[in-house]
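Structure in structure tokens, see below.
Each chain gets a letter, A, B, C and D, in the order it is written, and its residues are counted from 1.
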Amino acid sequence: MARKRLIQAINDALHEEMARDPKVILFGEDVEISMFGDTAGLHERFGPDRVRNTPISEASLTGMAVGAATSGYRVVLHMMFANFIYTGFDAIANQMAKLRLMTGGQIELPITIVAGYGGGRSTAAQHSDTPYPLLMNLGGLNVAVPATPRDAKGLMKTAIRGRDPTVFLEAGGRGGESGEVPDEEYLTPFGEAAVGREGTDVTIVAIGSMVRPAMRAAKQLDGQGISAEVLDCRTLVPLDEDGILRSVAKTGRLVVVDEARDRCSAASHIAAVVAERGFASLAAPIRRLTVPDTAMPYAPAAEKHLLPNPEKIVVAVSALMAGSAN
Amino acid sequence: MPQDSDRTLPNRVPTNGQLLSMFERMLTIRRFEERLGEDFHAGKLPGGVHLYIGQEAVAVGVCAHLDDRDRITSTHRGHGHFIAKGGDPKPMVAEIYGKRDGICGGMGGSMHVADVSKGILGANGIVAGGIPIAAGAALAAQLDGNGRVVVCFFGDGAANEGVLMESMNIAALWQLPLIFVCEHNGFSEFSPSDTVTAGEIRERARPFGMPAELVDGNDLVAVWRAADTAVDRARTGQGPSFIEAATYRIRGHLEAEAHFLSRSYRSEEEVERWRRNDPIDRLSGHLLSSEICSEAEISAIEAKIGEAVEEAAAFAEASDLPDADRAPALMFAGGPAEAA
Amino acid sequence: MARKRLIQAINDALHEEMARDPKVILFGEDVEISMFGDTAGLHERFGPDRVRNTPISEASLTGMAVGAATSGYRVVLHMMFANFIYTGFDAIANQMAKLRLMTGGQIELPITIVAGYGGGRSTAAQHSDTPYPLLMNLGGLNVAVPATPRDAKGLMKTAIRGRDPTVFLEAGGRGGESGEVPDEEYLTPFGEAAVGREGTDVTIVAIGSMVRPAMRAAKQLDGQGISAEVLDCRTLVPLDEDGILRSVAKTGRLVVVDEARDRCSAASHIAAVVAERGFASLAAPIRRLTVPDTAMPYAPAAEKHLLPNPEKIVVAVSALMAGSAN
Amino acid sequence: MPQDSDRTLPNRVPTNGQLLSMFERMLTIRRFEERLGEDFHAGKLPGGVHLYIGQEAVAVGVCAHLDDRDRITSTHRGHGHFIAKGGDPKPMVAEIYGKRDGICGGMGGSMHVADVSKGILGANGIVAGGIPIAAGAALAAQLDGNGRVVVCFFGDGAANEGVLMESMNIAALWQLPLIFVCEHNGFSEFSPSDTVTAGEIRERARPFGMPAELVDGNDLVAVWRAADTAVDRARTGQGPSFIEAATYRIRGHLEAEAHFLSRSYRSEEEVERWRRNDPIDRLSGHLLSSEICSEAEISAIEAKIGEAVEEAAAFAEASDLPDADRAPALMFAGGPAEAA
């Protein structure tokens, strides 16, 4: 085991998978120099055929990923900031997520779209969106949102070796979280939430960047005599519905913490799943901690105000335990 | 489509055998589409169809230079490209009937007919949607390094989508083996082309350093020759080319248009003028006057195609519906290859 | 009152608003001839300055709407099929939904984006999406989804006179539903659900094209002695949360019927809202009837199989009343 | 910026008064940005900044022809355009500090500085995002019919986004009063331009029938003259024009880049070469050698600007933070105008 940052773990995964399979290619804007560090060293090691900078042409890049993937390549497409996924949205929504069905299953699309997401660094409205709810709704895409370096590496490897498109979103600002990463080869399965911490009173389901605040909150809650179980979704498509339901069956209470805007968020969806399939076990309302339906402001205090944090989680859980929903 | 061994020589003209074979391919498209039009109006098709009638020389003249390993992307008006590239019309018709034996299992319909095994990456309901897909396939072809080429067909209306410029830039920059074929058929849906398009479309390719040529899209030989050069360039690593083929859409934008349009958007005279410039008539005229074949031979081809059309329609009619619950399982190929 | 189809009612609204305010302009692909009929006669009446065809350039059209709206025009932008919203998604997501916040409130964006949505007519995967969940998540857009000709007209007029962007989605295939439309001038307010039918046992919340099947189901349920209240959201942003909660407080049961794909659907969001704010009144799990997370297939039976319909609603409600969640 | 009455005459050169005024504007941009660079490195700015240093002649030479009623759209590198178009640098600096008195109330930051009252529709964090917004504003200007014009500034990297082609087509087709100004500064983020761009960017405008010109973007007078012609065309209903200004980005893509880039992407010599071609030095050299002004006058301008910079920084420092909960209320202007 070695301690690494999330971005480094992703970089390791890319190095390993590109070394393993010559059909893996990577392209995107400035992937050669690597803005975030996740693609560092790949161009030097694997050369310009397999790792190349592209023009700023997102609408074509997403379509090209489809074209190269239908021709036997495993494509990693780096979209830099998640907001630029919107710029290249057409081919994602209208081709990538649909082409397999439309062709009656003639094709596989082993594509991994990588992008950094989320707020908290004053990058303002056009560089801090959290777009997984939209991507989840498209139907034909896997969505991975790792919280730890270990899972980031394992999920990236699983995505690259997969047969379907995956959007891999990294909360990688300033290198991302640090954590232990195994030395030996491993893959992290899709569709299995990780139990960050076991507990009996309340289930806190958290996504990506929200896992750490959730863990912190759980620790504080422990001090208040509240035992919180923390689940890290790891992938939103597929979603570990059973794992979430098992936990809620035990605790009877659910709080979902999600950095996305509230309306039609992943949190909304998880809440809806539990309100249907886990209703009998619920002892209290389901709480969502999300970003209000707002674009991210630039001023740090205004931005921070919108993001879920350990304090807000503690307040929400405490209120839930006390029987009030606020 | 038979290929001669001198395929890459410049300034070639098609052999008589090739001409005859292309004639048959064009007529196949025509007769199948006429039947699909009838079927539509008879209420036999669940969805709409956009017919390619009048533009057959473009698909056939270009695809004559391609093998199964080459790839094409097509448009909402995709039956002609499908057949020209060697797709089997039988499962194509079944697809348009929405049947289980359709080439896409009835999941795609007219706007999505695809046969990846033949290099037909698919018709596409998104205007210009095929262009960057073709660029990606061309990147793959270049990486494979085995001389494969890719053709993207698109309309004059599609030429106003920004992805065209983006993909031309990338194709030129990376010298991809990609041929852009713009079928200028006079209309962008219901808008006459010049009301929505500034300047000459092919000129948009030149700033990228790409050769661009205008051809008479109703002249099979002209198309064939332009494509010959372009495909040769692409195969030999000389990068992308642009062909603008001037042609005309004889039928409506889609067959259903008469049911919902409140007025017409073109004159009968205009359509009539272009009918007299029919690419199939022009080719058969040439075949006969040059004595490449006889009236009797043409009738035999007609008869053969007529049978094929009947057979395909019967096949499509007889085919079962797809299982009603089939779609969800087709969305994902399956778990990760090795994580499972 | 006159009986009209939904598309005709929208056409009336456009005629009235363009006649009323010379600052209303309309553009889009083939709006002059009008594919759906909703913009019929406007070009002839108001001329090419105010009503004009555009090239097929969705990415620019959405941006142009923003530019014209910041310059004092009220823009109606017709995007034809809702899938093409994805083609022009960048300026919707990155500009239209954010620009007011980013400029500190310097601008207003009176933009109405119109598009036809939904399945059921074998238009296949690229012409039958239901994109309101994505649009709801963007934060800065109103979303109107009328079910009746009356509301279609009133909501369109409200959208055009508004100060913010609205996406107006019409379930207009083959002219849409028929219904009575008042002769006199009226506006339909945003954020107020319509009670399609009162009931006491279960609340059925339905959206757009799903209101009619919900009403049919309610009628059938009536025959089985089950009294269903049907709410028609009319707008999803703003959402009439209070109205929905009031109804659920009365009935104790909620079924949401939505033509969108399930994950992060409007149905998910409505379920989540009620599972939080209306939990105490819930006597049963919240059921969602949505489209599985699938692109629309072409074959009619395969498409129909995916769409909610009266029978499915009846089965779901009956099961809910019987105490089983299936 | 003062305007002469003979503004629309062709082949004009700027008057001495105009030159001096433009010099001051360029120097204002330079000194404010140098300060912002320092402030960034001193940790005073919450977000990043993309500096315009070295490109000032472009914004100033173009905006000299514009009034408040004209509109511009800008880029992520937008401070120069903001100041050149007459934006007040004080609230601009406060914005970049994330303060309540910022021009956008601290909600937008460096990448979104806008002053709509001055026709500055805003910097934009989405590459090429401003281009169609400008086209829409140009449509509005055309409908208003009062001679207003719109300029969109964008980089050479942005020229590879498809919206450029789309907007050029629409602008040409409708003869919109729109001027496309491409600032070719050598880089598309960290990629040297020629590694991502095929051919000459300005040539992409010609197929639409649009005049396109290359100018030395570090030569204020050359920019001013090209813009004079283009603005004149737009004002008089002659449609859009395209100006490509060759310049160079002296500072990093963004000031933070040294913190995260593992290697450099250009040589010190290259930067040095362009430093010697500084547009402000060139202009001041001309002003002095032509005796349009004296060293003392330049020093006085420097001093004045220096004070303004200090004042703005002090203003920004002293300004309060915005209310932490301000954002949600800014998303919507309010209910429908009359339904309420």
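Heads up, the rule we're going with is that a residue touches a chain if its C-beta (ideal position, glycine included) is under 8 Å from a C-beta of that chain, and two chains touch if they have at least 3 such contacts.
Fair warning: this is a prediction, and the values are worked out from it, not measured in the lab.
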### Query
Which pair, A-B or A-D, has more C-beta contacts?
A-B
### Query
Of all the other chains, whose mean CA position lies farthest from chain D?
B
### Separation of mean Cα positions, chain D and chain C [Å, integer]
40
### Task
Can you check how far apart chain B and chain D are, centre to centre, with Cα atoms defining each centre and the answer in Å?
45
### Query
At what distance in angstrom does the C-alpha mean of chain D lie from that of chain A?
36
### Message
Two-or-more-chain contact residues of chain C, please, as numbers and ranges.
### Response
54-55, 57-60, 83, 87, 90, 94, 101-102, 124-126, 139-140, 293-295, 297
#### Entry: Multi-chain contact residues (two or more partners), chain B
104, 106-108, 112, 124-126, 129, 160-163, 166, 169, 173, 196-197, 327, 331
### Message
Give the list of chain B residues in touch with chain A in this complex.
### Response
71, 73, 102-108, 112, 114-117, 121-122, 124-126, 129, 131-141, 143-144, 150, 162-163, 166-167, 169-170, 173, 327, 330-339
## Note on the structure
Contacts from chain D onto chain A in the complex sit at residues 46-48, 95, 98-99, 104, 106-109, 111-112, 124-129, 157-158, 160-162, 188-191, 195-197, 260-263, 265, 321-328, 331
#### Entry: Parts of chain C lying in touch with chain B, wherever the complex brings them together
29-30, 32-37, 40, 53-60, 83-84, 87, 121-127, 292-302, 304-306
### Query
For the complex, which residues does chain D have touching chain B?
160-166, 168-169, 172-173, 196-201, 203-204, 206-209
### Residue ranges of chain C in contact with chain A within the complex
58-59, 83, 86-87, 89-90, 92-94, 97-98, 101-102, 124-126, 129, 133-134, 136-140, 237, 239, 260-261, 263-269, 271-277, 279-280, 282, 284-288, 293-295, 297, 325
